[in-house]
Amino acid sequence: MMVLTARTNLAAQGLTSGFGFLERTTGWRISFSLIEYSTSSTYARAILVGLLNSLFLGVLSLPLATLIGISIGVMRTSGNGMAELLGTIYVEIFRNVPIILQLFFWYALLLALPSPRNADPILGSIALTGRGIYIPGLNVSGASVLVAVLILLAGAALHLRGRKTRWARADRGQIRREQRFLWAVASLFTVMCFWLGRLPGTPLLSLPEARGLNFDGGISISPELMACVIAISVYGGAYIAEIIRSGFNAVPKGMSEAGRALGLSGFQVFARIRLPLAIRIVMPTMINQFVWLFKATTIGIAISFTDFFMVISTSINQSGQTLELIGILMAGFLAINYSLAWVLNRVNDAIALRGTQLRM
Amino acid sequence: ASSEVADDSRLKTVLDRGLLQCSGHNGSFLGFAEVNDEGNWKGIDIDLCRALAAGLFGTAKDNLEIVPISWAQRWPALQSGDIDVVIKASGWTQSRDTDLNLAFSRPYFISTYQTMAHAELGAETLADLGGGTLCVGAGTSTERAAATYLEANNIEAELLTFENGDELRNSYYEGRCDGQVEIAPGLAAGRVDAPNGAENHVILPDVIALEAVGIVVPEGDDDWLDIQNWMLSSLWFAEAEGITSENVDDIRANPPSEVVAKFLGVTPGYGERLGLDDDWAYNMIKEVGSYSEIYDRNIGSGSRYGLERGLNALYKDGGVFYPMIID
Amino acid sequence: MEATMSAPAIRISGMNKLYGQFHALHDIDLTVERGEKVVICGPSGSGKSTLIRCINRLEEHQSGTIEVMGTCLDDNVDHIDEIRREAGMVFQNFNLFPHMSVLDNCTLAPVLARKTPRADAEATALRYLARVKIPEQAHKFPGELSGGQQQRVAIARALCMNPKIMLFDEPTSALDPEMISEVLDVMVGLAREGMTMVCVTHEMGFARQIADRVIFMADGRIVEQAPPEDFFNNPQNDRTRAFIGQVMGH
Amino acid sequence: MTVGFSAHQIPRQPLPQILKDHYFATKVDTVVTVSFGLLTLWFLWSILEWAVLHAYFDPANRDACVQSKGACWAVVSARWRIVLFGLYPFEEQWRSGLACLAIILTVGLSCLPWFWNAKRLPMLWIAGFAAFYILMRGGVFGLTPVNERDWGGLALTLFIFAAVVLIGMPLAIVFALLRRSELPWISRTMALVIDTIRSLPLLTIMFAFAIVLPFATPHWMSGQQLYRVIVGYAIFFACYQAEIIRGGMQSLPAGQEEAAKALGLGYWQRISHIVLPQAFRNALPPTINQVVITFKETSLVTIIGFFDILASGRAASGTSEWSFATVEVYVFVAFIFFVFVFSLSRYGAYLERRLGVGVR
Amino acid sequence: MEATMSAPAIRISGMNKLYGQFHALHDIDLTVERGEKVVICGPSGSGKSTLIRCINRLEEHQSGTIEVMGTCLDDNVDHIDEIRREAGMVFQNFNLFPHMSVLDNCTLAPVLARKTPRADAEATALRYLARVKIPEQAHKFPGELSGGQQQRVAIARALCMNPKIMLFDEPTSALDPEMISEVLDVMVGLAREGMTMVCVTHEMGFARQIADRVIFMADGRIVEQAPPEDFFNNPQNDRTRAFIGQVMGH
């Protein structure tokens, strides 16, 4: 009802004019794109570029944030006074300063690297500059990279399936051999993929070289992307650390005592017993936090990383179709976050402790 | 007021309300909307709002409310009636004019986008920055214009867009970009306060784009649009006739010509046709001054920017502005 | 290390344990010979658990010496590891790892701490699970077992390290009557095979049946120790008498 | 089973002993302590250099500032009132300051256990908000009226934050209870609503409430933009917090509710006296996370044109005279954020200790 | 309601209880007279807890009728509330409210559910705490008490509602031997005062001492009921005999 009223009211004001503009060409550039894009691409494509960039950012920074979170969480429960103190300081600083300011800080730090004209490549081929980090890359097409990634993901999925169903079969050695074979095949396909997808007329390996005002060749990681990844991981890490810490606190002390009584080393107790249990305990809260953290990746706009939000925002300014674009923004995030939560919920179900009779 | 004004016109609503709700910014836009040490708005856009309020009500004091709004919010806010008029450095584009059912007044400012580069690069024109990186302000049409310009002139350069002017400038100074594309006042202000001294930066002469900035009202409200156009015309008229806020009283007491007498409301007619008081132009000039006063005060010789009039001068000084005929 | 072969299983002398200011164990002297079965009892808070936990260094003692199979328990991490490998422990509330199957629970320590090949470890684990009569549960998870079964897994897990000594801390107090008898049966079986055992329990039937010696603790001290017949029929100490009366009484 | 509220009272050890046990217990500990310690010292020294040793404080030194290596606090001394009060009329800014104090005092007082009681707490908050509103809005007691649109800076940020938490918390409880409802259609609908709103960026929700809602509702219902945004934000907050509270409820043993039933307590009595107090205690660390996030995300109101403290900061440096000194203003704003959020999270840590979370 | 004064304390007839497909209680018929003390025993999983939980509607039964003090247990919320106020329940694992002091635990229900003035409720609570011999613990929190003390608080809390009937579900199985006797003492005292009691327990000593009747359950059915002497010395049913043998045996 309300939606309907809104639609008629808006139409009467001439404020919405439908989604026809998506077909129009944008006329502006996007500095970082995973798929082909030029000034003559359509709005729809620009939005897709933004969506992919956001996903890319999420794929890089969410695992990193988790890693940092776990490390800090461990520091805060380690028993070493200094580590605990620093862990606490870390959380209090990075949790309590707005992410946008942290982003500016990291960005300024990266820009303070020498300019490409003065930068000497380390090890002959890696250059750290204020314009980005240049590393050697492969001259292959984007599609072949995509296929290779898919192959590796499929390999991982099959591997996990094997692990899950391993008790259905008796011979574990057999399964292990199968898994090794699986990985060999996957790597072979990956290499083949790159070989088939190499760009004609170029050497397979591409090294960065100084040319003109910038470096050329190889893979360049722009400081914008890096600043975003660092800022999100560091910021998200502070929140995740708190959750992990509460997880560690909730693991019964008897668990590590039992581990130690069995003669396991401190690290073994941590890696095999406390960490897996803590992660299971905090999984639901973590899903909440991941969904939130993914939304926090919409900071690129501040430093010119073209993420989903920035494309929408630019499109709003360029086309003026505010309400349609806000609608697309909502739909995009709904789709991504629902999928994220769905996947994580499946993971949660897969690793859930079995049975309810346990006495702990 | 006059019966000629349509009942559903925004003009009538505003006059009945006794208050003009004019767009502000959600931060600052150098030269157009800034906040002074006491938290009061100033800038070209703000002065135009004040002029409009003074024209409508005799004085802007207590009759004007600057409503802070963001860029994304300006069109919906105008349509929903949260604000009466958008004076917010908004360029006149076809899609806005047609798709969005907005109406633009005559342009009140022609912004030129130029490039500032590090002097050590020795660049003299934009073409010398080929292969480099340019930082561009996102938001208005700059971004698109820059891309078009580079393509048209066959210059290979990377473009980085920044939403926020401060960040744009910082990135440039930190060496992220070889050049910075921005609206001229912004460049000028940045150069003066460059951390390593103004002499280390040059503003390249290439004009990347022109954008005609106008006042925006909802389409189909001719009475209200007329007010905007005649307000701008009056400001230029005053400049052309040498009327300023200082001498306006003298001139009114002693009008040099019949047209000026009509303009300042000494003889009736100038306001009535618009549905306003006849001395509305006088009130306006008295309170904010002529166009040249507004320009000088905010971005011209009287400000830290010290920007030339250039295109924004009157036609007789080589610019593009002119008053319309008062009969 | 020559002494190792002939040293008693456990030798504790003049051992004191403090929690902060609280003196939990006073001047404990205790020797357990190889193959001996010792039952410890006493009122709640008397330090029974603390004593047993000191033996494999889950708690650090402040003075006195503890030797296990001739190895002295000090700050040397190698010694601690060695002792922990020699002494298996079964906790009152099992402390099974809920995220691993029963079999993994049993093979974890042999594979990681003893570097036993996995296949061997699994064979051993299945043998001990059969020993405690639950070989068919090997692939279940702890949460899917009844209390008595969980307790038996805990025993099997400890046995998989081939310990010379087993320490039990109230292994039956969380179970209901029928399950108690299941678990006690397993322990009696172990005892018959000559395993050195130290067991904190209030099951006097068990003490009567298999203990070589019953130790009574109160207020952090060993108050009385005697063979079970003497202990139950002819207690020397007033506190012991009162305690026995109460435990047998209701 | 039962969790004690009082932490173990371990007698305090002398300082050298603490240092030895927690900082230098083993060789690894010592290395960690020393290296982290040195790193921290170096970092502190660089900050000191920038912020104090090479800094200028007097606005008269503006020109020297421009070239200096250190911080230019002159911009703060010249324009701190904009940062703190936004566009609030200059002569009336004392009112805005007092209003901030009123909110701070209210929040501070409600941290005292003495006020934790069904009568005192609401009284306190009603008084606090009334004081804030009268001071800020004016129109009575001879105070000149000031439109909500001109509220800004710290006062606005604090007001939005306090109002959101105040409205959002009860809402979150209601959401959590509905989410747990035994009628499947209620709990499923609630789950859908929560998941959806949780997936959306806050910004789009604010935008929808501020800008789209007036088109959808009759005019008399839409009210002031500020209050619409607060309502939208509160609903958003409630969705996250509801999941957190639900997590807390789930970790309660079923026996607690059963015992309350067996004693003859009614539904609301069980919820208010048994379930909620314990659920909140269990969910304390994530709740603090959420409150901290809420405080910081108030700065998104700038999208609908409000001068929250971050936007005022931009305005403070956004003038021809000071446009070079953005970093200093950002740092100043970050510092203000930090002071508030840090107090919040320390208070959370105190509560954790007091309620014995994590003590088993 | 006229019948109320003379109705038996509990009258259950033809009651069935299903958990989904699982038939947990079959055709239960049971009458407990006022002032009678009934002990229920039986193997694990036989439905003892379920039966007792049905009596105050912690579980909903599917068919048959349950009347408590003449009030019929149906979907009427007023009836449920009335019955819950009449019947006090003590759980196996105490279920004290950890966030309230002992005194608050005891006064909560009288103040909220019975609208007793707080001062009166506190006086009553202190009286009952004295009755279970822990008046000095009134201001501590449950987490600061020993298990036996906690269980006694749970009893006092139930008594503060002045119930006509007390339901106990294995009130001693989580306790250690010394604490068991503390709690049993209190229950014996209550029984002597003429309280109607239904108690699930394996403490056969207690059953012998105070029960008017012992009920043996297996597989969701009442298999045998008899006065304690007959029950222990002359069980009619094979299952009963086996069970008694095991519980007394070890």
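Note that the chains take the letters A, B, C, D and E in the order they are written out, and that residue 1 is the start of every chain.
In the analysis below, a contact is a pair of C-beta atoms (placed from the backbone, for glycine too) under 8 Å apart; a residue touches a chain by one contact, two chains touch by 3 or more.
Fair warning: this is a prediction, and the values are worked out from it, not measured in the lab.
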| Where the centre means the average of the CA atoms, what chain is farthest from subunit C? | B
| message | Suppose chain centres are the mean of their C-alpha atoms. Which chain sits farthest from subunit E? | response | B
| query | Nearest chain to the global Cα centroid? | reply | D
| note | Field rot_deg for pair subunit C/subunit E, CA superposition, rounded to the nearest 5 degrees, holds 180
| task | Please work out the Cα centroid separation of subunit A and subunit E, and write it as a whole number of Å. | result | 56
| query | Whole-Å distance, subunit D centre to subunit E centre, using C-alpha means? | reply | 48
| query | Per the centroid of Cα atoms for each chain, what is the distance between subunit A and subunit D, given in Å? | reply | 27
| note | When centres are defined as mean Cα positions, the distance from subunit C to subunit E in whole Å is 36
| task | Could you list the positions in subunit C whose residues touch two or more of the other chains? | result | 174
| task | Would you give the residues of subunit B that are in contact with at least 2 other chains, written as numbers and ranges? | result | 72-73, 76, 80, 164, 167, 170
| Junction residues of subunit D - those touching two or more other chains | 207, 211-212, 215, 327
| message | Could you list, by residue number, the parts of subunit E that touch subunit D in their complex? | response | 56-58, 81, 84-85, 87-89, 91, 93-99, 108-109, 112-114, 141-144, 150, 157-158, 161, 174
| task | In the complex, go through subunit D and note every residue touching subunit A. | result | 18-19, 21-23, 25, 29, 32-33, 36-37, 40, 195-196, 198-204, 207-208, 211-212, 215-217, 240, 243-244, 247, 285-286, 288-289, 292-293, 296, 299, 310, 327, 330-331, 333-334, 337-338, 341-342, 345-346, 357-358, 360
| said: Using the touch definition from the top, list the residues of subunit A that touch subunit C in their complex. | reply: 167, 172-173, 252, 254-255, 257-265, 268, 272-273, 276-277, 280, 351, 353-360
| query | Residues of subunit B touching subunit A in their complex? | reply | 71-73, 75-76, 79-80, 95-96, 99-102, 121, 129-133, 135, 138-141, 143-144, 147-148, 151, 158-164, 167, 170-171, 174-176, 178, 218-219
| message | Could you list, by residue number, the parts of subunit E that touch subunit C in their complex? | response | 43-44, 146, 173-174, 176-181, 184, 202-203, 205-206, 246-247, 249-250
